[in-house]
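Below are two complexes that have chain A in common, paired first with chain B and then with chain C.
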Partner chain A sequence: MRDRLIFAGQLLFTLVVAAFLIVPAVLSMVAGVTENYFRGVRSGLTLQWVMQVWELYADTIARSFAVALITLGVTLIVGIPAAYALHLRGGRLSRAIEEIITLPLAVPGLAIALALLLTYGGFSDFRRSSLFIVAGHVVFTLPFMVRSVMAVFALVDVRTLDESASSLGASPWRRFRDVIVPNAIPGILAGSLMVVTLSLGEFNLTWMLHTPLTKTLPVGLADSYASMRLEVASAYTLVFFIMIIPLLVAMQVFADRASHQGARR
Partner chain B sequence: MAPRPPAGALLPMTHKVFVRLCLLPLALVALAFFLLPMVRLVITGATGDLGLSAYAAILTEPRYRATLINTVVLAAATTAATLAISIFSGLFLQRHRFPGRAVLVAMLTFPLAFPGVVVGFMIILLAGRQGLLGDITLPLIGEKVVFAYSIEGLFLGYLYFSIPRVILTIMAAVEKLDPALEEAARALGAGPWAIHRDVILPALEPAIVASGAIVFATAMGAFGTAFTLATNIDVLPMLIYTEFTLSANIAMAAALSVGLGLVAWAILALARQFAGTTVAAAG
Partner chain C sequence: MNAFHGVSVRVEACAKIFADGTRALEPVTLDVARGETLVFLGPSGCGKTTMLRIIAGLETPDFGGRVLFNDADVTGIPIEQRNVGMVFQSYALFPNMNVAENIGYSLKIRGVGKAERAARVAELVALTGIEGLERRRIDQLSGGQRQRVALARAVAARPSVLLLDEPLTALDAALRERLRWELDRLLRTLGITTIYVTHDQAEAMALGDRVVVMRKGAIAQVGSPRDIYFAPTNRFVAEFVGAANLVEAHAVDGMLSLPGGRMMLADTKASGDVVAMIRPESIGLVAPGAASLSGQVERVSFVGDRQRLTVSGATLRPLIIDAPNTLDVKIGERVGLMVDPHAVRVLPGEHA
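Our next item is the complex of A and B:
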């Protein structure tokens, strides 16, 4: 009896926490398709707010995807070889490099954005283009890619693979392309999901780096929260949820599979 | 660009050279877009009207100091509350299997990828002028409870943001606990309270320290939530933003950013040191 009471108390508490997290999200999804949020769902359901968001903010959605994909491209090109080299070399220097590139996780985005503005604010073509935002996103997401790929290298015996390929006469570049990268695929995929998800939602840096012509989705969201009616802001948030949820689910599936594999090892 | 072997090279590139080439893109990116800008930021902080003493002003100037204290207190409160909630629910969820558990876990981790601005909007829907809380309290006590646009709202927002992250870490740590330890303690006659205090919490300590540090550092530097809720909440990121954009006091904004970055980095480095050695000792 006492155990059941304790169980019920704990369950109730956890349900309250879950409600705190999920209720506002559901409210916003409902508000985004409600005729008049003040009068509630009885006022009828509509897609007019979603359409309005599309008219007002379609460019921010497209730009966010473009920025995320370019960021992904750069982090792949920079991150995979770096993870390979850092893993192979080991030692104090590699750890120092790893430490430096993971610093952007500790330093607030606002500080990094300010630093980028102070350094490149004068290069007006760069400053005005979406690539300026990409630069910030790369700094912020790169550690996730490098770590995720390095985590796979720690499980696969890269050194032996590399050496046996080498004994067959493969050049370093061919070994990297045909042996190392294929073996790192799980880490590359997990890292890519992370990079794209983070880039799509990044605000702290982007708010400082954007110009009126390079607004991304989160910048547009902040804009709509400040100046649009609640229904439009909600519809816009709904669009963001729809974009981000598949990525989240994919990440979860990945994490589950990785932990199962870990258990089997 | 990915490194390629030099075209037409007669000698095969040695492996050592190739590995170094692999680091080249990283070195360039880190140097150009992180290290040099950070150096520039530190220098800019010392080149305003105040000179180097701009850094001291963070602590000596009453307005900055009050904001710093405010931010630290908020971050500490967020960390304590998040940890308490997440440990309680994390332990519960990992220990019991019941119908609907997977859905509950999914609900608790759903906001994981929400940016700070969206979290701010969630708090507005909960406790803002058209919020749920106001709708519930109006018929009950005759007035609308609205606190989204204040430091309490920000606290709620940081909780919203932090709980999913920490709960996942705690659940993973609970899963790795050795059930034999708990059974041994029970066999020796320890009550549930003593088992939690002396066996379970110490075993979870590395996870608690690590995730607590992340919550603290994030709450110190988060900007999106405060920005959405109100621009006049006295926290460090908002101060930096207003110094930079409204007052055009770029040097002070830079000095404050450097201070904020140092605090956040130090907290994380300390926690890692601590959690790392504990893990090593346990292994």
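Our next item is the complex of A and C:
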């Protein structure tokens, strides 16, 4: 009886996931390769919409990846030392700083974008470049990097490792390079995965910050929904999936392997 | 291995109050001779670890305190430039490096070439008896092996002073005893100035040339293991180092009057209220009539190599006595107690 209930529950859950997550995604992707959406798949399959998307929006795809990678680079360079410093210092000040860094999670993206525009909108070269979007993405994704690295630091007692490396003669920079970073790899990978995913999919902040010449993938998607045939927009979704899924899978595998190593410790 | 290396260490008026207001250390001044093994012994929170961390350079003493290596002031020098070796309680081995890489790390930092590094690592691996483990990851080692790796790593670069923070505490009792002997042999071989922190008095006795007993951030007594055992200068040291009977009584001309009789002191002029310390093993059991002091056996606890008796009626508080394990005593039996006057230590400055 109990087993039946569990089975029924699991089945229901699976069906709900399928109905609201998988089916719509698949339908949307199929629409992207359908000759005429209103007549259905019977009207025939075509790649013309995909080609059209590629012609119109290839630059947004490239830009999105560039923005995501630069964002990742900045969060790595800023986030890991920040996590190291916050963890080692400890105390009330560190906690306050951690809270401030985390604030963008609670504040709506639109509000952050508006604040950035008010403050830096006047620097027109900066405002017009993709770096403006990178700035927004860094503000939004940094807490994820800092938090996941700090979680690992707490786990491996990085403070004592740091002290023991210093007793062996290692300068702060050598300690950071030889001991701190290698032992934080699982957290760094998990953080990177989050940062890249969030940056690629980020819409509301980006929508405020973009210019017609600095559209990213999700902004382009909104644009195509608003101004193109439904088939084109759907083809765009298809392209989005094809681009992002292999990347996510690769990073997941990478992170799994690293955290397995971490667990064995 | 090279004979004596290392420096003399002087700690001058080092005190420490932490940012939260905790007073960890009263001003302490202390000298450690070159090649000496000095043990800081005390209960947790007595300031011994803070002392060690100040010498290491992981903490700075409060204003006015100084640390000197070979008479040179190192107070402002960060730990990485002090050339110390340190073994942490948790060992703090680097999980991202194997055993050989851990041991060779300080040499790599100092720019020692690969071949020379390998030779030194091999030498240390042999010295600490961990041959065959060089390529192992840290998580593949037992507690005892980790302890040896930590020690080998700490001495690899021939530090001027070796600092050990409760290096055996994380191990189980049997292993601890064995590693204690090993450690002692190793420290003698290296001849390096060693500062050792522990809360285990047996460890302190076995390893220390001198022992510093600490209490509430201050030094309670400094002396050889024999000094602090046989001639404690205060009640705290007497009770913390080994088992002790503290007898509070009135003395007249070197004679203590007790509920169960009399006891002689070595100092025949001692008079007034005194606190006398007697170690459990220095009280002999004889027939009730054969001694000037007697009492009644209240409890017998056989522990194998000896038996520990509790005898009441002789003094105000029951006496603890270690008797040979072959002696046949029964609860309730009346026994005479023989105490050599020289084994009775009157604690100076303590009043009953």
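We take it that the second predicted complex is superposed on the first by the 229 of 265 C-alpha atoms of A that agree within 3 Å, B and C clash if a C-alpha of one lies under 4 Å from a C-alpha of the other, contacts with A are read in each partner's own complex, and residues count from 1 in each chain.
As a working rule, contacts are C-beta pairs under 8 Å (C-beta built on N, C-alpha and C of every residue); 3 or more make two chains touch, one makes a residue touch a chain.
Just so it is clear, the model here is predicted, and its values are computed rather than measured.
Asker: Superpose on chain A as described above, then tell me if chain B and chain C fit or clash.
Answerer: fit
Asker: Can A:157 be said to touch chain B (first), chain C (second), both, or neither?
Answerer: A:157 contacts chain C only, not chain B.
Asker: Who does A:5 touch here: chain B (first), chain C (second), both, or neither?
Answerer: Once the two structures are laid over each other on A, A:5 reaches no partner at all.
Asker: Considering only touches as defined above, state whether A:45 meets chain B (first), chain C (second), both or neither.
Answerer: After superposition on chain A, A:45 lies in contact with neither partner.
Asker: Kindly classify A:182 by the partners it touches after superposition: chain B alone (first), chain C alone (second), both, or neither?
Answerer: In the superposition, A:182 contacts chain C only.
Asker: Quick one: is A:166 in contact with chain B, with chain C, with both, or with neither? Answer first, second, both or neither.
Answerer: So A:166 meets both chain B and chain C here.
Asker: Touch check for A:138: first (chain B), second (chain C), both, or neither?
Answerer: The first partner, chain B, only.
Asker: Please state, to the nearest 10 degrees, the angle that the Cα centres of chain B and chain C subtend at the Cα centre of chain A after superposition.
Answerer: About 90 degrees between chain B and chain C, seen from chain A.
Asker: Looking at chain A, does chain B or chain C touch a larger number of its residues?
Answerer: Touched residues of chain A are more numerous for B.
Asker: For the combined overlay, can you note the least CA distance between chain B and chain C, rounded to whole Å?
Answerer: Across the overlay, chain B reaches chain C at a minimum of 6 Å between C-alpha atoms.
Asker: State which residues of chain A lie in both footprints, the one left by chain B and the one left by chain C.
Answerer: Common to the two interfaces on chain A: residues 166, 171.
Asker: In their shared complex, at which residues does chain A touch chain C?
Answerer: 91, 156-157, 160-161, 163-171, 174, 178-179, 182-183, 264-265
Asker: With touch defined as at the start, can you tell me which chain A residues reach chain B in the complex?
Answerer: That would be residues 7, 10-11, 13-15, 17-18, 20-25, 27-28, 31, 37-38, 74, 77-79, 81-82, 84-86, 88-89, 97, 100-101, 103-112, 114-116, 118-120, 135-136, 138-139, 142, 146, 166, 171-173, 176, 197-198, 201-204, 207-208, 218, 221-222, 225-226, 230, 233-234, 237, 240, 244, 247-248, 252 of chain A.
Asker: Which residues of chain C touch chain A in their complex?
Answerer: Residue positions touching the partner: 19, 56, 58, 78-81, 83-86, 88, 90, 92-96, 105-106, 109-110, 138-139, 153-154, 157, 163.
Asker: Where on chain B is chain A touching in the complex?
Answerer: Going through chain B, the ones touching chain A are 1-5, 12-15, 17-23, 25-26, 29-30, 33-38, 40-41, 44, 85, 88-89, 92-93, 96, 98, 104, 107-118, 120-126, 130, 132, 159-160, 163-164, 217, 220-224, 227-228, 237, 240-241, 244, 250, 253-254, 257-258, 260-261, 264-265, 268-269.
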